[in-house]
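Both of the next two complexes hold chain A, though its partner changes from chain B to chain C.
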Partner chain A sequence: MTDIAVACKQVSKRYGAKTALDHLDITIPRGHVVGVLGPNGAGKSTFFRMLAGLVQPDAGVVEVLGQRPGWRANENIAYLPDRARWYPDHTTEQAFQWAERFLPAFDRAVAERLASLMQLDLTLQAGGMSRGQEARLMLILCVARRVPLIILDEPFSGIDVVSREQIVDALMEHICDGDKTVLISTHEIHEVEALFDSVIFLGDGRLQLAGEADALRRQYGSMREIVKRLHLGGEQQ
Partner chain B sequence: MTGQRVFWALVRHDMKERKQRGKYNLRIWRWVYLAIIVAVAIAVTTYLVLRRPGFDGRFVWFYTFAIPFVCAGMGTGLVAQEFRNGTAGWWLTLPYPRGRLLVSKFVACIVRALIIMVGLDALFCLLYLYTVLLQGQFTASGLADFLLTGARLNLVVLGILPFTGSVGVTYGMLRYSTLRPLVPLGWGLFGILWWFLFSNDQQFIFVHPELGGGLVAVSPWLLLPMAVGWVLAAFLLRLATRIMEKHLTL
Partner chain C sequence: MDERQVGALRFQLDLSQPIYEQIVEQMSRAILRGDIGLGEKIPSVRELAQGLRVTPNTVMHAYQEMERQGLTETRRGQGTFITSSRQRVEAFRQQEAHRVVTEFLAKMRSLGFTEAEIIEQLRSRRQEEEMQ
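The block that comes next holds the complex of A and B.
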């Protein structure tokens, strides 16, 4: 088994005239919680979709857990898509049943514990949930899987501060156990950065900066400061 | 779960009708409109039976030719609802072969079309009984004639459903792909194929208005265009799988 969770070599992707990823080179070791940060349009979602096999690179090579991305590799990946919603007719309970049927290594007991921790009613229907409750449900469906790679694309988008704190607390407890690789993209840096072992900064589809979270903080002060500097100054790795 | 169990679980999941987020509950209105249609059908039938002595209730079975189009619409809807409801990301990253995800929607739209057809069949059988009782002309042979007509047209539609179901699913995928500009061309091709395979019904389906032996007779040669339709259905599902793998826009 390879020690590398994700490897991208010279990966490019264009959508018409827009370049989403531009000769991206990234290597992410296993067992790290990695923040993938950058402004809108930096290529974070395209990068994640590529890892989940939803989009194909125009050029370059992508490997996830030693495999080419695709439905076979997805057996070992829990992916929370960007702007995702849940089936509106499902209750939390039915969503867990769905996950048990279709998502390999879904741990029902962990899911129920997380639901209790995040104060999510098992009888509540997704169609009647607030955005925060629905986000918690979808996050549980990912985090409750015993898989080596978890990819969370903007898991806090549109969620109030209280819900965000509950989610981060639950994440702290369940994903920072050292054997999982977790990739999180978010604009809510301040609340989440304590989770990160390392951070990758993307801009215009390129890798701008990468490193251990603590070392970067020591060097730059805070993650927000790095984003500001990169956004304004375009510092290279 | 084994592949087969996952497949049937997917079919069951796709069988459920899902209202679009933020839309009114259309299901209630559907029942309201069904009740109105039944009331109008009873009123019109009563009028025809009482005022037109030659009224032949067997012609009602031609409604079955609408079912393949309903099936195509449901195939498109099953794919489209994943994108409209924001669940496409979950659906498309399921760790199962792409073809299995699409074929489950194809099977679900066919089963749903069959359920609708069986329901309408039952409704029209009741309407037939109502008309013959109103006319005072109920006979076992008349009922057999009515049911035989229905059975034949049901079988014809059953043979056509795979083709239209696959067209619906493929069209659904095409709408959310980079190949979307091909949609008008696809509809043109569908029209030509439909006309070529099934619309030349004078060669395959014969209407005998006289009583006894069923209103319609079906030529065994109809199996030929049906078989071509099944082969095309397999081809279209393969094409839809390819679109799903390579050409989606997200």
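The block that comes next holds the complex of A and C.
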């Protein structure tokens, strides 16, 4: 296994006239929790979808855990898409049963422990869940997989503060299990920025700044301040 | 400023400053003040990381720094402990005092104060405090 979790070399992607990624060079070492920050439309989701093999680059090379993205690499990746939903007629328990059958390396015992930690009722149907409850379910389905790479696209958006804290606690459990690489994009920077080992700032599909979190703090201040400064006048939530 | 409590330890984290330095500084002060006793066990990296909601790598970095300063020692299989050596803590206290005085002197000199004037400032400050 390589020490590099993610490597992008000169990766570009266009959707019609819109440039989503523009000659992106990114290297992420294994075992890091990485914040991927930037305003809407910066290219974060495209970047993640590319790692999960859902989007092909127009140019450049992407490697994830030493492989090209695709179904084989995805055995080792848990990916939570932006605004992810679950089958409305499944209860939490049925979702776990499904995950046990279809998601590689899903650990049901871990999922049940997290559900109890996050106060998520096993008999509740996804269709009847609040946004926060469903977000917790989606997070558990990712984090309960014993895989080396987890990718979370906006795991906190539209979620109440209590659910957010519970999600952070579940993430902490996962991170502390060692040698896990986690990529998180979020606008709720304040809640999670202390979890980041390093941070990547994207804007207009380009890499604007990247570095070790404490080194960036020494030089520029908090991650939230950096995003504000990089995108002054740009779209911010 | 986020305030977080882990066991008997209270931390205030300022996310605009390096976090590992704040952990080192606040734990060192807790040791110097005697909030944590000599030879006492401190939280594991995992416990502190979870309590502070901070990446475990940062806590590990802080613990390595404290060990380098001789404030803590790791006992294999048992965890991390505050040094039981009073001399070490005293040496660290002196070193910190030296650092603070150096900073203070540099600042005063940059304001144009001579050594005699600085000493005079300290004296009059002490008198002020005694009067209160």
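Please note the rule applied: the second predicted complex is superposed on the first by the 230 of 237 C-alpha atoms of A that agree within 3 Å, B and C clash if a C-alpha of one lies under 4 Å from a C-alpha of the other, contacts with A are read in each partner's own complex, and residues count from 1 in each chain.
Just so we're on the same page, a residue touches a chain if its C-beta (ideal position, glycine included) is under 8 Å from a C-beta of that chain, and two chains touch if they have at least 3 such contacts.
Source: prediction; values computed, not measured.
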Clash-or-fit label for the pair chain B, chain C on chain A: fit
Touched partner set for A:88, first chain B, second chain C, both or neither: first
Touching partner for A:68 - first (chain B), second (chain C), both, neither: neither
Touching partner for A:175 - first (chain B), second (chain C), both, neither: second
C-alpha centroid angle, chain C to chain B via chain A, nearest 10°: 160
First, second, both or neither for A:214, with chain B first and chain C second: second
Partner chain in contact with A:108 - chain B first, chain C second, else both or neither: neither
Contacts of A:146 with chain B and chain C, given as first, second, both or neither: neither
Partner chain(s) touched by A:228 [first = chain B, second = chain C, both, neither]: neither
Chain B versus chain C - smallest C-alpha distance in the overlay, whole Å: 28
Shared contact residues on chain A - chain B and chain C: none
Chain A contact footprint on chain C (complex, rising order): 2, 13, 15-21, 46, 49-50, 52-58, 61
Chain B to chain A touching residues, read off their complex: 1, 6, 9-10, 13, 16, 18-19, 21, 85-90, 92-98, 246, 248, 250
Chain A residues touching chain B - in the complex, by the definition given at the top: 49, 52-56, 71-75, 77, 79, 81-89, 98, 101-104, 127
For the chain A and chain C complex, residues of the former touching the latter: 31-33, 168-169, 172-173, 175-176, 190, 193-197, 213-215, 217-218, 221-225
